[in-house]
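You will see chain A twice below: alongside chain B first, and alongside chain C after that.
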Partner chain A sequence: MPRETNLVKIIGEDSFKKLRSSKCLLVGAGGIGSELLKDIILMEFGEIHIVDLDTIDLSNLNRQFLFRQKDIKQPKSTTAVKAVQHFNNSKLVPYQGNVMDISAFPLHWFQQFDIVFNALDNLAARRYVNKISQFLSLPLLESGTAGFDGYMQPIIPGKTECFECTKKETPKTFPVCTIRSTPSQPIHCIVWAKNFLFNQLFASEASINEDDDKDWGTDDSEEIKRIKQETNELHELQKIVISKDVSRIPEILRKLFVQDINKLLAIENLWKTRTRPVPLSDSQIKGPTQAIKFDSNSVGTLQEQISHFFTTTRKLMDRYAKEQNHIEFDKDDADTLEFVVTAANIRCHIFNIPMKSVFDIKQIAGNIIPAIATTNAIIAGLSSLISLRVLNLLEYAPVTKYTDLNMAFTAKASNLSQNRYLSNPKLAPPNCNCPVCSKVCRGVIRLSSDCLKKIKLSDLVCLIREKYAFPNDISLLDASNQRLLLDYDFEDLNDRTLSEVNLGNGSILLFSDEEGDTMVRKSIELYLDVNDELPHNTCRLPDIEVPLLKVGSNLSKNEVEEANKRDNDIATATGSDGVEGIVVLDEDEGDIIIDTEQVNESKKRSADIEVSGGPSIKRAKLVNELNNSDVVELD
Partner chain B sequence: MNGEKLSEDEIALYDRQIRLWGLAAQANMRSAKVLLINLGAVGSEITKSIVLSGIGHLTIMDGHKVTEEDLGSQFFIGSEDIGQWKIDATKERIQDLNPRVELNFDKQTLREKDEGFFQQFDLIVATEMKADEAIKINTLTRRLNIPLYIAGSNGLFAYIFIDLIEFISEDEKLQSMRPTFVGPISSNRSIIEVNTRKDEEDAKKTFERIKIKNSYKSLEEVLSTATLKEKMTRRQLKRVTSVLPLTLCLLQHEFNQKGEEISFEQMKRDAFVWCEQLGVPKTVINDEYTQQFIKQKGIEFAPVAAIIGGAVAQDVINILGKRLSPLNNFIVLDGITLDMPLFEF
Partner chain C sequence: MERYDRQLRLWGPLGQDNLNRSRVCVIGPATPLLQEVFKNLVLAGVSSLTWLKEKCAAQSSSLFLADFKKDLEPMASNQLEYEENDLVNILQQSRYDWTRFSVVVLTCLSKHSTLLDLNEVKRQRGANFPPVLSAFVSGFYGYMNLVLSETHFILRAHPESKKYDLRLQNPWPELVNYVNTFDLSRVDLATFSGIPYIVLLIKCVTKLKKDGNNEKITTDLVKDALSQICLPLGNNVLYEPNYIEARRYAYLACPQNDSSNELEDLLRNLKISYCGHEWFDIYNHEILTLLLALKSISEESEELGFQPLTGSLPDMESTTENYIKLKELYEVKAKLDRFRIEQSLTRSKKKVSKDVLGTFCSHYGEIRRIMPSKSDLLGIFSTSNTLLNALVVVQFCGQLTEIIESKDEFTGLQADGNYSVMAFLGGAVAQEAIKLITHHYVPIDNLFLYNGVDNSSTTYKI
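Let's look at the complex of A and B:
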């Protein structure tokens, strides 16, 4: 019997045919991406396009099962496609590139797909694909994992929450004074060594640009003055690096670990409640007596750290000139990593903080998030499974409203529940305050490139005004960089062409009604999609409804409620369950923090938690933000 | 290899998972010997995950030849392999995943093996089992005191049965406002010891090391005594997924009737009997699910295999690494709603 026999038993002949003629986009061919590729091939999707900009690394091999030792340094997308050939039955199109590269992947390129699977590892690309999916009303399956934790969320533009409907946590930051004057944890010293010391010595171009209104974390002017002065002095140290005179390395050590510490000690205020740091003694500052190999899992002695600081600084000084006076920190570049490790550990010792192993510091300095094959397999399985319902291919489980679909996240493994392996809350409707999916209308202007040079801003405004019945007073903003192009008292650019005001492929315009007193036209966001396959002189505005709204009320909220009412009517007809309130749980309830590999961001909601005594089922909502790949950032 | 320290190469290769479960767990895994019975879709998923993760030894037992249908759900085979012994066709591709793992391939069937063969393993995973085979292998693992995982699927629906006989696990967690006490925490699990330790870096934090005794039942016993009465509130019982009674129903039918087809009426009657025994209202059973269960009986589907295969593999890794509490003892997946509850029978 043919290979699709079982699939047809599950989804039926018609749906099988639909799948065979479906085109999907897989963004990412890493941890989740390899798993997804396998699953959607076996589901017999007709055509699969795979975008990934990355190359294969040794540490990928514990989970990215399509890659081998011999593939290291090869592109992931094309290697993955080669690796699946023996079981593949779909048309596969790999691209090595950044999905955010608009010249390689313009908006109209995305339009060919029926569904998008996200298997990304960074917040920026997730946001970007989400935005594209909103402009094109393209269903998106978002997913992410971090260690044992993972989530999968279908996003149906206009119908369910988008990626931006919940706030994403920004990277953790530390006040300057904690890093520069009063460290109390190993991470403070690691941030100091990596973001401050390493950059000042090997990466920066010796420019002093201290920003006065930054978060110093202190009002002590004496301390701020000291920090600024210290930065200036560091440029003196950079001169030692430039001189390549390795006999001066002790000067670096003396400056960092004796003089600067003594200056700190002189500020009495700092040490009223803190343990005083102890500077290195002269006898401790000496180079290696013999070459030592650093064991990545043990900490070693202070003297070993100092010796190794000599060795690694010498190597970096040697490289500095050869590499055009610029070395970037890279966790996989042993010299840079070991410099940061030794500098951080010496500083830890001085401040009475436990030292850390190379293995541990690499994780913190390199923002490494643990990742395993099993969680990725589970999340990819969920994502591919739900695609059947998003595309409405299960006849016996038809989708009447998209908020009946489920998202899913690990519950047992994440310690959120003892009696569920997964939690599967239903999708929420769009958040009416979401700037990406709800606050404005969205559409795409499709135009040929010659139009950019021909169409004046005033022409475009006329077209938009007529098409969507906007009044005379409007404002036009370049939303990509918040640049004002036009409003009632700024008309200087009226006669300029689109290209003259730097609008082009990928620009996003925000068009707003500035006139309405009681009723206003909802703002509209228009994406400029320049496509040379269009005939000359083509400029097509999207056929969308831009509603008139009452001033003063929570405009978009009314609208969303309207839409929900419509959806609920359908639901009542088909019999929905009585979901009543929404309870926001304390973050403590979840008791997990997810730092991610693939995730970088995610949300968690505990599903249908029983409330004792109450007659209603309360849907508890627990949003747990995952952070960006940059776990640490120095202000 | 046993007990030896991990090499720098291994640490680099397994970096991203060692950061999750530590060097000791990784070293423990390397000394473990696992048997996987049947290399179908679920079997392939389990194989992939545990081979990648660096288990010491895996024996794969499969007495089937590759069919065209297999191509629809399995990724270790290609169309050129049709008619070959499955283990011959997949051998190289599996070893290629991780050359460090010692692999053994065996074409013999369960029936041809004696007890001594099974005795060498630390853990057995069985997939695509007929109910009578499952019960037979479970009787054997009980006698030999070997942990057993059974995973099976019916199209969009799937289950995992776990029998570790008795297993003491140690979990560590941050102490909350309410300290943990010794005593039973559910029908199959009880806390037998709690120790605390202060965090080295942050004296305000206290960790609790909790020893939990997990008890299990045999599949045969589960099939005759499984109930949720007194384990759940009425509201919870009302919301139990129909996948649970329907899965148990198919397993039992298979055991009693061997291979005979089940009619819709029969299936519904049996499902109602199961509802009664479980203490679940009959209203959870709907005709659509009942029909689909009959239609999709025994079928493997890649995404479902990925989910339950992933869940089984992770639990195998957890108990071999001697970290984290194991699953206990019956899990079902509803591939339509993505509901995946755990039940203790």
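Let's look at the complex of A and C:
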């Protein structure tokens, strides 16, 4: 029996035709992605586009059933498509790339799809796709798993809650001083070894500028001074790595575990209520007497840790030059993992903290979230099933209201016997306080690229003002990086073209009514979608209703910035390590960040905005500084 | 093991080892449900599969596995042992060895007579038959039923909140001695702030007992006692983190109604005679042997309800020195307890693998038990659940002699198998099989029903 007759029976002739002509986007071909791809192929979707950035890794093979040992290091998207050919009856289009890459995947590219399946492993991309889905009113099926836990949430823009309507957990952070001066738990030493030491020694450009406005977690100026000095000195250690002179490894050990500890001990204030660390003795610092195999499940002695530190450092020094003076920490790269393990354990020992096994440290340092095939199969099954409802293809179970649909959580599978295998709350309407989906109107400006060089900021403002009946007094903000572009006493940029003020494809503008005393227009967020296929001189504003609101219920600029700041913090976290933390996820998530990195990043961002003219510079700067403090008042 | 890194974190090397050595028998026609179960089990590491085929008129087309053996092999890390047989033939062999299977899974069985035959085979073997998971999907709906022939013990239930075994109510002598080295009437605030809350709470319990508090110790009583022993140090004590922790965890010093009681009951009702009969599953037998050892230790030493101390200590406010000392006390006691169990085993000439003993002792509070099912494979026909009744009527269409009332209130029930629902239930069935094989996590007891229209589900006992 051909597959389609089977399906026609389930959904009916008409719906089957619709299904065959529908296009879906699958973001992620990993754990949930492999399962979803199989399910939606067997459901006979007409066209499936698959985007994944990753390549295949050995530890994927316990659940990503489309991949084999021989596929390791191959791209997931194309490999998955090859693997399903023998049972495939849909048009499949794979892309190896980052879904957030705007040049590869501009907004209008997303527009071809009827529905999006998220099978992602990180918060930044989830937020990004959610935003796109909101701009395009594109139904999104969001999902994630961690061990036995999983969730599936349909998001129908404007009708149901979006991904941002509920608060997501943000990565755990530690104050600098805990990591650098006064660790008290194994995790502190692991973060020190991985996020600080490893990068200082083996990253290409170890950053040595540490800003004064970071969260030190202490006011002790002596301690802050010491931390800064230590960073500079570690930069010197990198020279040993560059020299490839392995006979100098004891110098590294002495610096890290004797001299630096002694300097810490000299700051009396730190040890009033804490147990003093004990530096290594000279006799302990010696290379391996014989080659020992590191057992990943046991902790071993301090001496084993030290001699292993020698071995792995030697290997990494050797690799450093070969790998263009840059090695990145990767939990699956045994050398980098063992370096972090031994360095963290030696530090643990010094600070009287219990040491940990390779297995345990790998979980913490690699942000490893348990993952199994069964939960992924369960969640993918739920996600593909609900797609038929979202697309309203089931005649006998028609959807009249999207809030009648259910999301699903597998609530701790161990509680199955307590009747909680699945909880299935009904979808909630959008949260009226959600900065992403509810606080502003949203639309897309479609324009040809020549317009960027022709249209002046003032032209654009006129167009928007007229189209949506805004009053004279407005403000315009570049919401992608919190730049004030224009308001009642800042008009310096008026005569600049869009490209001159760095607006381009993917820029998001926030346009607000600053005049109304009692009633104001709701603010609008406008996405600039630059499309070369459009005829010259095209600049099309979206047809949207922008309602009048009572003053006070509108979204203030500060709130937008608050939300964006949150966004950027997370994005930064991603940038630094490629992994991030949140809720329930499929893969490498839950990163730990030391507070400082976010600040550095936002400094960089403010640097590339140049505006001419005296007071206005100050003004633009002020807006940018919102990155660093939440208390600046704009008007 | 690298391949299984991500799941080892759920059930550990021992659980993975069980999976790698397990043999699973799957019975049914070639359906999407069957292939999903196969795929999920092979990915998890099950290395031996037997398919007892039920011939079916309509061959499903929604199969991604073209040739089960050939397509499953590359998903396994080691050599996959794979065997196919005709179910009818096997059912005729009275000496067929069912005991080699860790679990038997029935997927979308379509012949009522086969189910009857299978049930008879199972009945003849008594307790000596593997756990059976039977599942069926139609349209948006599905069920899964677990039938256990013998008591199933769970080595680690992995409860959501970890409970530390601190023995605050009944500290052992060495711990009492250590607690007594702190004299709260002679310490200053700085020293006080380094005393772990465990010490403070044990002091409270001792004081309450000394004051003749024979009635049940309550959280309020403990908090009162805490103020009494700490306040002489001055009001600032209220802001010390260790004092705050002691207040927060005061309930740990009171008798609790939870799994530890459940375990005490379990021990009390455990009969030595259990060990007499042959046990089907070696882990069930080993866990039972260990529980019986606890019982005999209690009886011999007249120490009421001996239970091994797990030996792990949560993080707490304390000086490093105090914490390390305390940790050592707990670890030493845990080692001694384990040693007592080992000795008891030796005396009674019983053997238990080191790994099981280790997990048993270090996670003692996580032992759970599921009693053998009262109903057999035919239990699905004798319930009043309307969805289950509707499902079995579809499953054994026209073959049931007894008339089961089936109301047509389930939209799309007849609409054939929906692939997504098969994928969902295939995941759930494999997950329950994994729980049974690893003896980690609590499996369903014993019927699970799924309604895909609104993703609702129910679990109840037949």
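What we mean here is this: the second predicted complex is superposed on the first by the 525 of 635 C-alpha atoms of A that agree within 3 Å, B and C clash if a C-alpha of one lies under 4 Å from a C-alpha of the other, contacts with A are read in each partner's own complex, and residues count from 1 in each chain.
Throughout what follows, contacts are C-beta pairs under 8 Å (C-beta built on N, C-alpha and C of every residue); 3 or more make two chains touch, one makes a residue touch a chain.
Quick caveat: nothing in here was measured; it's all calculated off a predicted structure.
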### Overlay on chain A: chain C relative to chain B, clash or fit
clash
### Query
Once the shared chain is lined up, is A:Arg63 touching chain B (first), chain C (second), both, or neither of them?
both
### Task
Answer with first, second, both or neither: which of chain B and chain C does A:Pro186 touch in the superposed model?
first
### Query
Now for A:Leu484: first (chain B), second (chain C), both, or neither, which partner does it touch?
neither
### Message
One more residue to check, A:Asn352. First (chain B), second (chain C), both or neither?
### Response
second
### Message
For A:Thr273 in the superposed arrangement: first (chain B), second (chain C), both or neither?
### Response
second
### Task
Could you tell me if A:Ala397 is touching chain B, chain C, both of them or neither one (first, second, both, neither)?
both
### Task
Have a look at where A:Leu548 lands relative to chain B and chain C in the superposition and call it first, second, both or neither.
neither
### Message
For A:Ala124, using the defined touch cut-off, is the partner it touches chain B, chain C, both, or neither? Pick first, second, both or neither.
### Response
neither
### Task
Would you sort A:Asn406 into first (chain B), second (chain C), both or neither based on which partner it touches?
both
#### Entry: Identified clashing stretch of chain C versus chain B [223-231, 259-267, 277-285 or 349-357]
259-267
### Task
Check chain A for residues that touch chain B in one structure and chain C in the other, and list them.
1-3, 6, 9-10, 35, 38-39, 41-43, 58-59, 61-63, 65, 68, 84, 86-87, 147-148, 185, 297, 359, 363, 368-378, 380-382, 384-386, 394, 396-397, 406, 408, 412-413, 415, 418-419, 421-422, 424
#### Entry: chain A to chain C touching residues, read off their complex
1-3, 6, 9-10, 35, 38-39, 41-43, 58-59, 61-63, 65, 68-69, 84, 86-87, 147-148, 184-185, 273-275, 297, 352, 359, 362-363, 368-378, 380-382, 384-386, 388, 394, 396-397, 406-408, 412-419, 421-422, 424
### Query
Where on chain B is chain A touching in the complex?
8, 11-17, 19-20, 23, 45, 48-49, 52-54, 67-69, 71-78, 80, 93, 96-98, 155-156, 173-174, 176, 186, 200-201, 233, 235-236, 239, 288, 291-292, 295-296, 299-307, 309-311, 313-314, 317, 327, 331, 333, 335-343
### Query
What part of chain C is in contact with chain A in the complex they form?
2-10, 13, 32, 36, 39-40, 43-45, 58-64, 66, 74-75, 77, 139-140, 157-160, 190, 193-194, 315, 319-321, 324, 370, 411-412, 415-428, 430-432, 434-435, 441-445, 448, 450, 452-460
### Task
Can you check the complex and tell me which residues of chain A touch chain B?
1-7, 9-10, 35, 38-39, 41-44, 58-59, 61-63, 65, 68, 84-87, 89, 147-148, 185-186, 296-297, 354, 359, 363, 368-378, 380-382, 384-386, 389, 394, 396-397, 406, 408, 412-413, 415, 418-422, 424, 588, 591, 597, 608, 610, 617
